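Look for chain A in each of the two complexes below; its partner is chain B in the first and chain C in the second.
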Partner chain A sequence: MSAAEPWSQSGAPLTIREADAGELAGAVTAALAVGARYLTAAAADERAVGGGFRLDHVFRFPDRPGLDVLRVRLPADRPEYPSLTPVLPAVHWDEREAQDLFGITPLGHPDPRRLVLPDDWPAGLHPLRKDVPWNVHPPCAAEPGWAPRLAGGEGVVFMPVGPVHAGIIESGHFAFSLMGETILHLDVRLFQKHRGVEKILEGRPWADAGDAVERTCAACSASHQAAWCEAVEQLVDWELPARGVYLRTILLECERLYNHLNDIAAIPAGTGFAVAAMEGSVLKEQMLRLQGAAFGHRYLFGTIRPGGVVRDLPTDDIAELRRRLARLRVRLGRLAQRMLRHPGFVDRLQGAGVLSRRTALDLGAVGPSARASAVAQDLRVDRPYLAYRAFAPMVVTEQAGDVGARLRLRFREAEVSFELLDRLLHGLPPGPCRREAPGGAERAEGLGIGCNESPRGANVHYVQLRAGRIERYRIRTASFANWPLLMEAVPGNLIGDFPLINKSFELCYACCDR
Partner chain B sequence: MAMWGAAVGQALAVLLVAPLVHGLIQRTKAALQGRHGPGLLQPYFTLIKLWRRQDIRPTPASWIFVAAPRLALGIVVAATLSVPLLWNPAPLGWDGDFVVVVGLLALERYVLSLAGLDTGTPFGGLGSSRESIVGALVEPALFALALPWMVLAGSTAWPALVAASASATPASVVRFFGLGAGLIVSLAETGRLPVDNPDTHLELTMIHEAMLLEYSGPQLALISLAQMTKQLLVLALVADLLVPWGVGGLALPPGVQPVAVLAKWAALAAGLGVAESLSAKLRFFRLPGYLGAAAALSSAAAVLQVWGVR
Partner chain C sequence: MRNDGPRNILRRSLQVRHVDAGSCNGCESELAAITGPVYDAQRYGLDIVASPRHADVLTVSGPVTRQMAEALGRTHAAVGQPRLVVSVGDCAAGRCPFRGSYAAGEGVAAVLPVDAHIPGCPPAPAEIVQHLRALMRGPGPGQTAGQRG
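Up next is the complex of A and B:
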């Protein structure tokens, strides 16, 4: 069965195909064989409306602009299906998450341990099911009692780190198995501070989602706002004014730029090269101040809303903005020279934390982490949206897949962003920056999917509306996709290199703690 | 009696000046990073703050954990007494011996390594293991630093070494080689980049600090003071061997001489800060090459000295 749903913002329909649980693996294999890229999976509880559970997997095919949804319906009494992980390893965490939050069992999953729920959480209580209230507080043990997977053998030392860390780092529990200075195995327990963003969004009118959506992650707030807006605009057939399209693109590029500056500064900090780290931090701070002045919020909260952008950029400010960006660009170029020509520093980066192209492809790596391992994928080009349709950026890749490759990639991408921003600001069309919702939007129905290339890779928002209210909202972030890469890239490296490798992936904890 | 008085006076003076030298290094680094940085006196405030804090010990720790900070400070102060800091010879009654000082530094490292193991945490063990490796590499390099002057003086006693260095040609190949080795050795002995990063919060990368992660409050104050004193001692020791003027060989008026020596220390401390700011931390298993370079430079200098090359 096939049904054409409303038009997406990129001007292409969303295709929904239904399959039986037994056929799922075959259908996915067939899709992958023709080059489909996996974007997101989302489970939903439809028992209250006379169904069972629904499980959607979203793919993008290279030959068409629209997205494909592969839908499976599972019975309410036995929500289980053969695990997709063996044919599509990238879904391994999605399946574990759905198992925790919905009680949907992927049969034959290679690692069926809990992912989101703490280990002392009562069995059978699945928080995202509709019959569980958002504020459920079951009694919990004093110690959650996580038993990490360790390497065994004579002389292997278990080193636990976290979940509380020194410095301004979020919560994550790392369990290293060490042989001397060498890491044999790493197991990570994230999802320490689940916030229930998806749960509290349920039942809200679509227009009231912004404050929660933009706080999914402060470091890619604009990307999350844009993905939410795209999903909604797609559903209600909302045309954006040209100026709004440009400004939204400018916000997304600014976000990429300040994040890349931050990540560039973090790498020398991991090697004690404080002079370079401080210069990088200064550049990031200048970018934040520039954003605060131009867009009203340093971290771009509250800037993008359905229909366009919230605040227009006065024409007088544009020339000044371009000048300041040009100055930053020069300083970044000088920093790149200083960092990449420092032999002691570069020596630390080479061969550290190598992610092979094969692993990156298998695990569905996204963003700079994928591109630094020679996987040329970038939603800005692969599925052009907003002003990227007119201004296609160059997709930068690196071959080595190590910390050095990820650093060089960010320098080069920052350069591309500077160029892009300059052209967008120069070509900013006149007119309104936001348009009113079309009639009937407040009663919108159906499924909308918004996705864009955040600084860390693809952020995908899956928004199901019923009578204008959110029925199910799933956010699959770039960091959710990339965290498992770390566990693959780390073994064999020195334990002293771990902070450096970790920072080169620049993974976000909050993006898991949704 | 006067001799003991001088010894106690010097020990107190060293303890008092050491935090200032540390503050100077921190200040230099901050300036090079474009930060305002803490004030010069910040190390004193930090020590006072730590001293006033509650004393906490890890449950599995034994008496070693408590004894180590006191022992470490005692050992370092004892070492300062035999090194000619302001005067040559040092105020203690005997002619201090270079080998003894190297031994005392090794002993201090041993005591702290034991304390790291005593905590029973993986970090303590990791730090102790790393510190021991660094120690095994630094010690020969430090010893080799004095080789050219031992050859010249025919002695390992401090007064003879200082006198020999002071009387040798100021700008010689031997001295330049020595200065290169001295820089490496002082960075390594004081736990600075590119060997160790004293300012990091990344536990997994630490060497010296990893051993001491469980220390807090007054115990940490003692260890910090010991570390700062050791830093001053290493600076003075390297200066005595390579740029001894002021302490030996250059007759200055009694009023000017201590000030001149303090200025020399300040210049060396600032130099250490600059050298550290230019570096990124080496990968741990590159340390043998780095410290081996220091030993090789010093040994080459000793050979040149034997051949009579200036």
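Up next is the complex of A and C:
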């Protein structure tokens, strides 16, 4: 590791270790054996600076505060390596993505189909390579670049759904193989909303990334802003004022809360329990209004910027905010009673869309979807950041891994968030909410990694700067990590329960597709 | 008869089908709220319908990604005539931070005739309802809904 390598916000350095392509699987296996947790992977094109391609895998070890980067360099003329998926199944989509965007081949990948690029994109053109312009619009390929994987057998029916859905739902395509009403197999074709976010960011000064980063996904906007800021702040040793740290944490916790309210409302909607769905959507709307009034935007766009937060919270508003949150908390408690004591409703949730603990661990599940399958992990506690260092939240888990477990988990986590928000608002320290950049920040260099626990789980931003400009930006969101779980959780369930199961995972498409 | 033009068909009821053509999900979140208990757009005769075949109006959010362009075109073609297209949110109007990238388009107007636009990032539910209700009063003779602003 060179001396110029950066520091994380927690004051611990990134450790970069180089390996040969042939040693990669062994090094990863050894890391996993001592409890390392996989966070993200990022490919980069270094041909213009005399190299080939670079492939980083980022891990967190349980006994170290910093993050470890395992780096492999691949030759420009033959960028290939033995697929890591057999030893680390969580990377299966990362590998397919790097194959699409960089032309890096994971040899022996069990499902090397196209993942990210549009169906009509010509083969052999990899838009994140540096010699491909950001605005390239190649002519359509003759053959579609993607075909569904279906279950075979007599009487099996194929049912394609989407990308346009019946409700107001993001665009995505589902390919069901059905036997009668039972789902045998599900394949998904996401990335309908792929917008080239990462390419758009390249070449920009780090300070100009905010408008694009926060619009990666509205539902996780504060989490995206915070991850971008953390990456930049660690690169330039930017210390935040205490009030900025608290306010940023408050924004992140508000985001979790309104998302949990949204998801709590969506589950009864999936069973036809209208009263509960309506009450849940009222609570979500109240939370959005509260955010609009307190922070200037219902979805928290434009609130978090490097150095702190954009807008301070006036003292008078704090008391009012605490009162409004307290009222919401009481109402949510009543809704929880009404929903969880309704036998017909609870019956629908029980045993639906079960994700086993084993599968959750194998596929690298994150967030509520992992915790509802008895996997106790939460970056707020596992790698404390911001005010979570002083206010460690309780990590809630459920055992059953079904729709009911994911619903109960969100009720319990919302309770924890209410408690946390009240303590943060009560203890908000005085002083400025943002600090100026340290000298030389505009020429910052190196790799910064920002990560936090978004409402859906780990959200990791990998930011490589050169002379103050973004060289490579990769965003690995919780939804990207968790979409493959859905494919494991639905077989054996009735097709009519699919919307309910899907809602219980409540994954973002925009976050995943970028 | 349904071929009298929007002015005559959209007086008391407006059936809306939505297509997400690459949004950040902010516009969808606000659109979904309009039929909820707080904004309750059904009381004005407005509703979100499950099929484009039931719709008078197609709302579209996002810059129109390369992958969604075909599905958007086919959904539009499935809406019976006469039909209106309303772009929702700044991205759909071509003011998207990802506009013009290899995967994102230039906005809805680049691929479909747009009759009206609802500005905002995202537009609040009350604004969406207000704009859609303005369509229901119908444009005057010789005008499109878009020209009335």
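Here is the rule we use: the second predicted complex is superposed on the first by the 503 of 514 C-alpha atoms of A that agree within 3 Å, B and C clash if a C-alpha of one lies under 4 Å from a C-alpha of the other, contacts with A are read in each partner's own complex, and residues count from 1 in each chain.
One rule holds for everything that comes next: a contact is a pair of C-beta atoms (placed from the backbone, for glycine too) under 8 Å apart; a residue touches a chain by one contact, two chains touch by 3 or more.
Remember, it's a predicted structure, so these values are computed and weren't measured experimentally.
Colleague: When the two structures are overlaid on chain A, which partner does A:T15 contact: first (chain B), second (chain C), both, or neither?
Modeller: Neither: A:T15 stays clear of chain B and chain C.
Colleague: Which of the two partners, first being chain B and second being chain C, lies in contact with A:F158: first, second, both, or neither?
Modeller: first
Colleague: Let me test your reading of the model: by the given contact rule, A:A510 touches which partner, first (chain B), second (chain C), both or neither?
Modeller: second
Colleague: Applying the touch criterion given at the start, work out whether A:A219 contacts chain B, chain C, both or neither, answering first, second, both or neither.
Modeller: Second partner only, chain C.
Colleague: Regarding the shared-chain residue A:T359, is it in contact with chain B (first), chain C (second), both, or neither?
Modeller: Touch partners of A:T359: none, neither chain B nor chain C.
Colleague: Considering only touches as defined above, state whether A:M278 meets chain B (first), chain C (second), both or neither.
Modeller: both
Colleague: So, does A:T105 touch the first partner chain B, the second partner chain C, both, or neither?
Modeller: A:T105 sits against neither chain B nor chain C.
Colleague: Which partner, chain B or chain C, is in contact with more residues of chain A?
Modeller: C
Colleague: For A:H194, select first, second, both or neither according to whether it touches chain B, chain C, the two together, or no partner.
Modeller: The second partner, chain C, only.
Colleague: Looking at chain A, which of its residues have contacts with both chain B and chain C?
Modeller: Overlap of chain B and chain C footprints on chain A: residues 166-167, 278, 282.
Colleague: So in the complex, the part of chain B that touches chain A is made up of which residues?
Modeller: Answer in residue numbers: 29, 32-35, 122-123, 125-126, 130, 193-194, 197, 199-205, 277-286.
Colleague: List the residues on chain A that touch chain B in their complex, please.
Modeller: 157-161, 166-167, 178, 181, 268, 270-275, 277-279, 282, 342, 344-345, 347-348, 494-499
Colleague: Which residues of chain A touch chain C in the complex?
Modeller: Result: residues 117-121, 127, 132-137, 163-164, 166-171, 191-197, 199-200, 211-212, 215-219, 221, 262, 278, 281-282, 285, 298-299, 301, 508-510 of chain A touch chain C.
Colleague: Under the stated contact criterion, what part of chain C meets chain A in this complex?
Modeller: These residues of chain C touch chain A: 18-26, 28-33, 36-38, 48, 50-52, 62-63, 65-68, 71-72, 75, 91, 96-98, 100-104, 121-122, 124.
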